[in-house]
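Next up is a structure, given as structure tokens.
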Amino acid sequence: MSTVVASAAVARRQQRLDRGARVGRAGMWVVLLGALLLSVAPGLYMLCLSFMDNPQLFAGRLVPWPPHPENYPRAWVASNIGRLYWNSVYVSTASMVATVALSALAGYGLGRIRFAGRGVVYGIVLIGLTIPLQIALIPLFMNLRTLGLLNTPFALIGPYTGFGLAFGTFIMKGFFEGLPRELEEAARLDGAGELGIFARVMLPLTRPAVATVAIFLFLQNWNEFLFALTFITEGRMRTLPTGIYALLSSEFYGNYPILAASLVLFSVPVLVLYFVFQQQFVEGITAGALKH
Amino acid sequence: MLSIAARRSWRRHAAGYAFVGPALVVLAAFLVYPIGYSVWLSFHEWDGYTPRWGPFVGLENYRALAGDEVFWRATLNSIVFVAVRTPLEVGLGFLLALLLNRRLVARSLLRTLFFVPVVMSLIVVTIIFQRVFEPNTGLLNTFLRAVGLGAFTHPWLGDPATALPAVIAVSVWKNVGFSLVILLAGLQSLPQDVVEAARVDGANAWQLTLRVITPLMRPILALTALLSIIGGLKVFDLVFIMTRGGPTYSTEVLATMLYREAFELNHMGIASAVAVILVALVLSIARVQTFVLDESRAGGKA
Amino acid sequence: MSKAKRRTHHGDAHEMSRRKLLQLGLLSTAATPLLRAARATAQTGGAQPQASKATGELKNPAEFKAPKVKASGPTTISFWQYVGFHVDVQKFIAEEYKKRHDPNLSLEITAFPGLNEQRVGVKSALAAQSPTPDIIAIEPGAYAVDVSTSGSVIDFTKVFAEDPEYKRGFWPNAIELLTINGAVVSVPAVTNTVIVYYNRGLFQQHGLEVPNTLDELKKIGAALNAKGIMPIAYPAGQDRNFPIFPYYTYLGGIKADKLMREADLGLKPWTSPELVAGAEFVEMMAKSGLYAKGPLGIKEPDAIQIFATGKSAMFWGGQWMRRSIRAALPPNFDLGIFPFPAVVAGGHKPVLSSVGITLTVNARSKHPDLAFEMIKAITGAWGKIEYTRNLGLSPNGPISADAIAYQMQSLKDPLYPEFLKLQPTGTTRVIFTPAVEEAVTQGMQALITGQKNPKTVMESVEAASQKVGARKFRTG
């Protein structure tokens, strides 16, 4: 008798829970979609803008019709994007590779070797994370000029590496710290020295951390413009951000659609890069961040 | 003759420096040198044009800053910026991460889409938001009017009272994706057995989140907050391009003040002093945060 | 650099640079014979331009004078400027120079995205004692004072002494503006005016006439507001100069611009009655309902759109905007201009006139003579006509009626002669002391937002002025 009543009560409670769960799930979708819309709307707007022409825009349209895909080739030519892409890719990649290499080494040293003064070194790394770029502008400019390195790729690769090292070392240190001792001990038993341990045992495991650092740095270098503006003044050596800026103040100033097209061209590579590597990125962040 | 232990420890120190050596050299050249230069410059006067610095003035620049109401305004704005932006950014990121954590379908795609603002170049972002905030034909006010909330239209960037909130909003928008990705990764790496155990014990979603997940996530939340705070104190590009610190210094932050003093008013010494103060501020806040991080890590491992 | 050959306007977008061609010049109404002649010239030229003469297409009537110094071997000199859309015509003139006179000399132009970026680059280069760039584009005012008092540039004293005809080619007031401590620091490439653009179609539709006095302007404003049209699109948020427009306008209107200059140099107080009256005018204008809402949050592109779509009937801006406005206008838009109405009864209409980018030579350049020759090519008799024909901006000095006719062949803009007419009646808009300019900008912003009252604002400007102490320079 009582069991029937009891199970009815349980059933009703279950029904209430289910309804609550459904409402909760619906609400959750609302929030998610809302946030998604907010996140993506500006980018979408820019994309739409890039296919319009000015009359459409000023008439208040939001969706381009008829679409003008010729804006893209025009934007490409007008901003000389080909050359800019090449310079940006070169500078960003070179400094990313250098930073990753150096910070892997340094991260390992800081994270796994107890050497005297590592607190100080780590302190320097932390300071590097915190300083604003502007204060380095004039001293670096004067140095680069003395060394005759202005208007060369190194004028950017050097500072980017320098500033990127702080973040890279920070992440790599955390990552290396978290690797289990057993690996190291096993390798040492086999007679490996520090370098051997590093190269053969630890390094292969670092792919997620490396991916994280790599994409973060690439992103940062791709978008950096203060140094790019000041240290590179020859048109053919310029990187993307300064080229885009120049476009904004050139004859295409009022031509929003073409500007939008060049801005899309500008942003797409990084997005693609992120999409391809996001799994690694996520693993890397987890590994690097959590092990602090 | 060194004992074996001494030799081993010498080798250890040497090895350590061998590993960090190359990085140290680069750091010294591109970080330590400029900082040292700036610190030393902050005790001088210089207009930035003459080849030699001006005279040594000791702490005069710092004293001048202490009496400069723009400096205090900038400091206040910087702190407000961080105090508002970080909780919003981390909080919203956490909320979205929690939601995304339960949806396996299309999670990768969604994650990428949320990351789009982070990847968009700042130039793009500021252009778009300038159009959004423009008082007469901007998207925000037009939208408000369209849904009958015309009374709420406002000159967002033109009014000192709303300029800073508007800039903060853009910054949050831009950076939520980053927090989201980090926190989502953290959620996915939580020990599932603890979570399962709690669920089996009958905890509902709310309790699960509050009592179990959040404490487990504390270290990673703290790290995300730390990165957000550091970035927020240093913010320059976004503010400068959108409002240049105006109107009437309502969005002036330390980095924009630094730029203005250095490149528009020719006060290189004062600008360097601002830079030094900014670095000191960031370092001290980061230090505090790291303590919290260590504490929570020690506690969270329970 | 942009490769397209279209000649359009420029204008600033939402990036770092705020000041494009906001060069402030002093064109006093000291009517010299030169000015009177120029006015006559401009007025003749202002009539509807003739198409090509019967004999064929018109050519540039000026002579492209040969340089006194030529390069001894292939030489490239560098030029750092900050107005991207001038690059094409500068390149064109440099190519012609190379073809006609000196095949060894090449010009490499670097266009920074904006004034601020260029100034940062220039300061870094000067601090590092770099011989590059050879030619530097600078603005009148603080920038010119900085480079001159630090000995970073070579002044034009010798060049003018050797070639007085070259000096005569410039408006005297423009030269006066660029004279620091008795020497001319740089020479202008173009001149500019700030006026009110208006929508003729809209005015006709509502039976409105171009206002001659402030009261008339206010009436027009009221009428437009009643019909739901904003009177003036005013992009006060564009950069730090725009908020000061109304202030300069008023001072020009009551002929107090010389007083302002003296206050700028620390010789008179900023709390003088006329200067305070200017602040009161700014406050009044901000409260008058004449501006599109939230001017400090509006930048040039936004204001252009407001004007182009007919949401406002007028647009307060500079000549440099003409191309961007034209580009944004629908094809049947009837565009007109008028100088700001007289601000006091019986007063004259203050036209805010100024110089465009100005060129000077780096003191550490390895080829100063060649640099000066290139500058002369760009700003001299032949060059200035090409320069302004290409861009539709006003030349840096008087030009003949033939030259104007030649220009009008390719300039499709009927407003060009109108601007030429306005040029000589301009009034000053430059503040030389950086700290004072900053204080004035902030003060004007505070007046527009209503945070401070005029008297307080002028007191803080005076305080900033006194803090600077004795100026290390004099102008003129």
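Which chain is which? They are A, B and C, in the order written, and residues in each are numbered from 1.
Rule of thumb we're sticking to: a residue touches a chain if its C-beta (ideal position, glycine included) is under 8 Å from a C-beta of that chain, and two chains touch if they have at least 3 such contacts.
No experiment lies behind these values; they were computed from the predicted model shown.
Visitor: Centre-to-centre on C-alpha atoms, which chain is most distant from chain B?
Guide: Looking at centroid distances, C is the chain farthest away.
Visitor: Does B-C or A-B have more contacting C-beta pairs?
Guide: A-B
Visitor: Distance from the CA centroid of chain B to that of chain C, rounded to the nearest Å?
Guide: The answer is 39 Å.
Visitor: Between chain A and chain B, tell me the centre distance in angstrom, where each centre is the average of that chain's C-alpha atoms.
Guide: That gives a centre separation of 15 Å.
Visitor: Can you list every residue of chain A that touches 2 or more other chains, as numbers and ranges?
Guide: Residues 138, 245, 248, 259.
Visitor: Two or more other chains in contact with one residue: find those residues in chain C.
Guide: Chain C, residues with two or more chain partners: 13-16, 120, 123, 127, 301, 305, 309.
Visitor: So which stretches of chain B touch two or more other chains?
Guide: 48, 123, 127
Visitor: Where on chain B does chain A make contact in their complex?
Guide: 12-20, 22-24, 26-27, 29-35, 37-38, 48, 92, 95-96, 99-100, 102-103, 108, 110-125, 127-129, 132, 139, 173, 176-177, 181-182, 184-186, 188-189, 205, 219-220, 223-224, 230, 233-234, 236-237, 255, 258-259, 262, 268, 271-272, 275, 278-279, 282-283, 286, 293, 297
Visitor: Under the touch definition given earlier, write down the residues of chain C that touch chain B in their complex.
Guide: 13-16, 18, 116, 119-120, 123, 126-127, 129, 146-147, 150-152, 230, 236-237, 239-240, 292-299, 301-302, 305-306, 309, 311-312, 434-435, 438, 442, 445-446, 448-449, 451
Visitor: For the complex, give me every residue of chain C touching chain A.
Guide: Per the touch definition, chain C meets chain A at residues 1-4, 6-17, 20, 80, 82-85, 87, 108, 110-114, 117, 120-121, 123-125, 127-128, 130, 132-133, 301, 304-305, 308-309, 323-324, 327-328, 330.
Visitor: For the complex, give me every residue of chain A touching chain B.
Guide: So the residues of chain A touching chain B come out as 24, 28, 31-32, 35-36, 38-40, 42-43, 45-46, 102-103, 105-106, 108-110, 113-116, 118, 121, 124-136, 138-140, 143, 158-159, 161-163, 165-166, 169, 193-195, 198, 219, 222-223, 225, 241, 244-245, 248, 259, 263, 266-267, 270-271, 274-275, 278-279, 281-283, 285-286, 289-290, 292.
Visitor: Show which residues of chain B lie in contact with chain C when the two form their complex.
Guide: 47-51, 123, 126-127, 130-131, 133-138, 154-160, 163, 240-244, 246-249, 260, 263-266
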